[in-house]
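Each of the next two complexes has subunit A plus one other chain: subunit B in the first, subunit C in the second.
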Partner chain A sequence: MATWGMVIDLEKCTGCQACTLACGMENNRLPGENWQDVIFFTEGSYPSAQLKWFPRPCQHCENPSCMAVCPTGATFKTADGVVLVDWDKCIGCKYCMVACPYGVRFYTEEKPLVSPDMRKVHASKDEHSWNPPWKMPDAREDWKHGVGIQPHDVVSKCTFCYHRVSMAPPGTPDLDPQDPKLREFTPACVVTCPPGARLFGDLSNPESRVSRMIGDKRGVRLLDQLGNKPQVYYLTGDGGAVPSNRAIDKKA
Partner chain B sequence: MNFIYPKTPGEAIAGTFRMFGENHVTANLWKLSVAVLAASLAYVFYMLSSEGHAAFNTSSDGVNWGSAIATYVFFALTSSGLTFIASLSTVFGFKQFYPVAKRCIWLAIVTLIAGFAVLALELGHPFRMLWAMPLGMQIRSAMFWMGVFYSIDLVLLFIKFYLLWREDWDSSLSRFVGASSFVAVVLASGMLGLVFGSLAMRPMWFGSATSLFFIISGALSGAAAIVVSVYLAYGFDTRNMPAPLRALKLSDQLPKVFATLIGIVLLFLLTRIWVGLWSNQDGMEGFVALLRAPWFHLEVWVCLALPFLMMLSPSMQVKPRWQVLASVLVLLGMFIERLQFIVAGQNVPMFKGTWMNAVTPYTPSLTEWALVAVGISSALALYALGDRLFNLSDAPKEQAGY
Partner chain C sequence: MDTIDSTVPPRAEFWQCLAQAFYAPRGEHFSRSLREDLPEDLVELASLLGRDLSGVIGEIREVFLQTDADSLLQTYSSLFLVPPIPAKLNVAVYLDGTLLGPQCKMLEKTYLRHGIEQSPEMHDTPDHLATVLEFLALLFYKRDCVGAGKPETLRDDLESVRGLLLRTVPEIERRAAQTERERALPAVYSALLRLVLTLLHDEQALFFPAAINDETATSPGYFSKRDTAPDLVACTECGRPVATARELKVIADRLRQSGLPADHLGLCPDCRNAQYGWRPGRADFDLPGFR
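Moving on to the complex of A and B:
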């Protein structure tokens, strides 16, 4: 069984946010509720201030604290290493959101992040929390794995595009979007990334490209001191470091 | 109050309705709190059905748990504290505390119910919880164990209250239930502390001290709640009280316990803020925000330090009016404490996106305040009901003073 993981090359990432958009389209995200976000921040002050950015999907941790705290088992880790939410079991207690060090989880019922509120514009008549005009085919929707348009009052997060990845032929070391045979199994953000800054593959296979890149270019993990052991690795090089703090503007 | 207490369920129901027409402190409290409860609950239901939980100001971008969770924690810990105070006589043999034991247990029941009610209105799927938590058996989750222990606690409280209602104060069964309930409540409040304390990624909460703090500050809010409610039951006039209760109220024992608890809580707060301001660790920035919040100063100076001095002063500590004032302030202080503890702990966002890289703001919405009102009014209404129906001043015959 594979252990799926992602490598993001910060030397190549241009901060274009195509990943964010592709994820939003693929997974029918509410505008503003970005499972895959690119965080922009400034470091330093005039005259040497720098604009920085940092792409951040769910880290699909090896030791996911979100799963450890979930009182119902709604958050779980699949055998191939993907952390998912079962929307039929989630009680909306939000403990997982509080316990995720990377802030990647979203609760359905909140003040809209952009106006007008798309949930009102495209109101749903069934249990779905909204009914967007663009959406994945119903057959792909899978609430047990947190895939699709979520119901009311549950928590959602990046699934590593589980509806795609889980269909990949067993034993595939890397899901390379350049390979037409594998493209449809590759996460949408990886497919779309224009400079090819994202790689996706099997971390348990030492021959996979992701494993070799992590080894060769000394991949690092975000907030590694917390012990969650992300399965998303960042290659830094000339792309700067991963942020080691969460609050950038300390004094606000 | 010298009520004629109902003996059958039918009489009790009739008595409940009759209270709307009666005129004494308990009945007035009942009428007022039922009115507030009806209004606030109606508003909360209206908002939840029209807006859903989007009527709350909590947000994925920062403060996920807001005033509703704080209210739940406030009530759950007050309930635990009341059970501790009841245990003084029922478990540890300090007989002078017998006159408040039954009232403590009833109050522990109603505060816990109020807390659960608020929690249920906060949860996305409260009914799903009823099967998903027992079936999930997530033994790694502190929240799972908190649910287990608080449920056991509630059942034991009901049994103990039933036994006291049957005037079974000291049988081996009664003592066993009392002792088990003490153990359950230590575990429950401690586990509630661990819900926050076990999260290394939230440094403002992290550590076993959180559990200890929850247990001790719970005892403090329980003590404050029982002082206020006893005076309330006797129309704030010690002359109406049975002799042993009056003796307890007018001695310096209760104030001493009270002052000690306030002192320990102040010490906890002081050391916490000291570490928080001194430390450069990522995630501690919330302490700076705390120091700038007027609420926090209200809590520390007015609601804790002032009552602490009042309860140390020999001339003030035994005077009912100062005891009541101190207790009301402490209860307010403990509510603020729960709110600021929970909110400040989440003030540092976790890679939340472009516009959320500072300390995140949060003020409860009107719906959330209404939910706080639901909690307070339901606790008061149920308390008044118990006072009218169950003779909460009862004590073992040699203690009862009549």
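Moving on to the complex of A and C:
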């Protein structure tokens, strides 16, 4: 069984947010509810301030805080290493949102992040929280794995496009969007990334491209000191560390 | 026949009565009580609660009137007992996919927290619908009679049990209705399950009666009402509420048990980015024309 993980090359990422948009379209996200968020921030101060960006999906941790605190077992980890929310079990207590140190979870009934409130513009007449004009086919909706348009009062998060990844042929080391046979099984953000900054593959396979890139290019994990052991690795180039670790992992 | 116990609060009595309908209707006396007394009792109790359910329960009464003891037992057996069972009454099965799964264990723990242990006479798992509904009745009894013991825990447990039922009863109802149609059985149990669902959705009247005159009643669920809880802990950065003190303690304990840090809980999720160095840009430089 594979252990799916993602590698994001920060030297290649241009902050274009195509991943955010692709994810929103693929997973029917409310505008502003970005499972594939790109954070923009500044470093330094005038006159040498720099605008920077940092793509931050759910880290699909090996030891997830969200799963540890979930009172109903709605947050769970699949055998192939993906952390998911079972919307049938989620009671919307938001414990996971408080506990997750990465801030990558969203609650349906929050105040709308952008205006107008699309939940009212495209109101749902059934148990779904809204009825967007674009939708994945009903057959792919899977509330047990947090895929599709969520019901009211549940927490949602990135699924690594579980509806795609779970259909990949067993034993596949990498889901490379350049390979036409594997493209449909690859997460939407990886397929769409214009500079090809994202790789997706089996972390448990030492021959996979993701494993080799992590080894060859000193892949680092976000907030690694916390012990959650994310399965998203960042390649930061020669002297880099992910922004949160920069003060700790400073090159001498 | 006067079957209502006036010493029990009507809300608890209501759910207790409804729970009886999902036990196997064995024995002439029990069966007759179900068919003749249950609809009357439910209508009467609902009126005590200020709800008019005569229309919904009228449907059930009609079917009961046309059903004798044998056909009621046969219907129950066909739907819920005889393998392959078309509609299991073990609610957690629909979420766990197996008997005695995590949801069932969670229920068992909740029962124990309220001093309830399974009787040896109950030859079924703790997630049997009748047991869960009886437990709901007990929670209402505790809330209305015992009063100020652990009101917040009670509300949590009420909402948790209700959530479990809301997620599972629709599937049982669908299966029961389909089987009743296919096997030409009296449509009594699908109607009863629809009644349970109606009541579970009737949150303000049956679950949070005090909330009817409360401004928080318009919010969709209990957990959305957290913003008005009395013991909210504020974010140390922005001052907005993070969670209640009790919830933070529970979360911190669970994180520590899993060997994970809980230092970030003092900040709301929105303020943590800044702590990690992801501070959004601000025009804080001192140049003419800028503020």
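Keep in mind that, in the parts below, the second predicted complex is superposed on the first by the 241 of 252 C-alpha atoms of A that agree within 3 Å, B and C clash if a C-alpha of one lies under 4 Å from a C-alpha of the other, contacts with A are read in each partner's own complex, and residues count from 1 in each chain.
Please note the rule applied: a contact is a pair of C-beta atoms (placed from the backbone, for glycine too) under 8 Å apart; a residue touches a chain by one contact, two chains touch by 3 or more.
The shown structure was predicted, so the numbers you read here are calculated from the model rather than taken from an experiment.
Upon superposition of the two complexes on subunit A, a steric clash is found between subunit B and subunit C. In the superposition on chain A, contact is made by A:V154 with subunit B only, not with subunit C.
With both structures placed on the common chain, the touch criterion links A:Y46 to subunit C but leaves subunit B unconnected. Once the two complexes are overlaid on the shared chain, A:A79 sits clear of subunit B and of subunit C alike. Put subunit B and subunit C next to each other and count what each touches on subunit A; the higher total goes to B. Of the two partner chains placed by the overlay, only subunit C lies in contact with A:N63; subunit B stays clear of it. By the touch criterion defined above, A:A139 lies against neither subunit B nor subunit C after alignment on the C-alpha atoms of chain A.
When both complexes are overlaid on chain A, the residue A:K111 reaches subunit B alone and has no touch with subunit C. Once both structures are laid onto chain A, the subunit C stretch out of 152-160, 170-178 or 188-196 that overlaps subunit B is 152-160.
Residue overlap on subunit A between its contacts with subunit B in one complex and with subunit C in the other: 39-41, 54, 65, 68-69, 71-73, 89, 91-95, 97-101, 103, 105, 109, 152-153, 223, 226-227, 243-244, 246-247. Contact residues of subunit A toward subunit C in the complex are 39-43, 45-47, 49, 51, 54, 63, 65, 68-69, 71-73, 86, 88-89, 91-95, 97-101, 103, 105, 109, 152-153, 223, 226-228, 243-244, 246-247.
Residues 95, 102-103, 106, 159-160, 163, 167, 219-221, 223-224, 226, 242-243, 247-248, 250-251, 254-255, 257-261, 264-265, 269-270, 272-273, 276-282, 284-285, 287 of subunit C touch subunit A in their complex. Taken together, the subunit B residues at the contact with subunit A in this complex read 51-54, 56-61, 64-65, 123-126, 128-129, 132-133, 135-138, 140-144, 147, 195, 199-202, 282-283, 285, 288, 346, 348-354, 357-359. Within the complex, the subunit A residues that touch subunit B are 33-34, 37-41, 54, 56, 65, 68-74, 89-95, 97-113, 152-154, 222-223, 226-227, 243-252.
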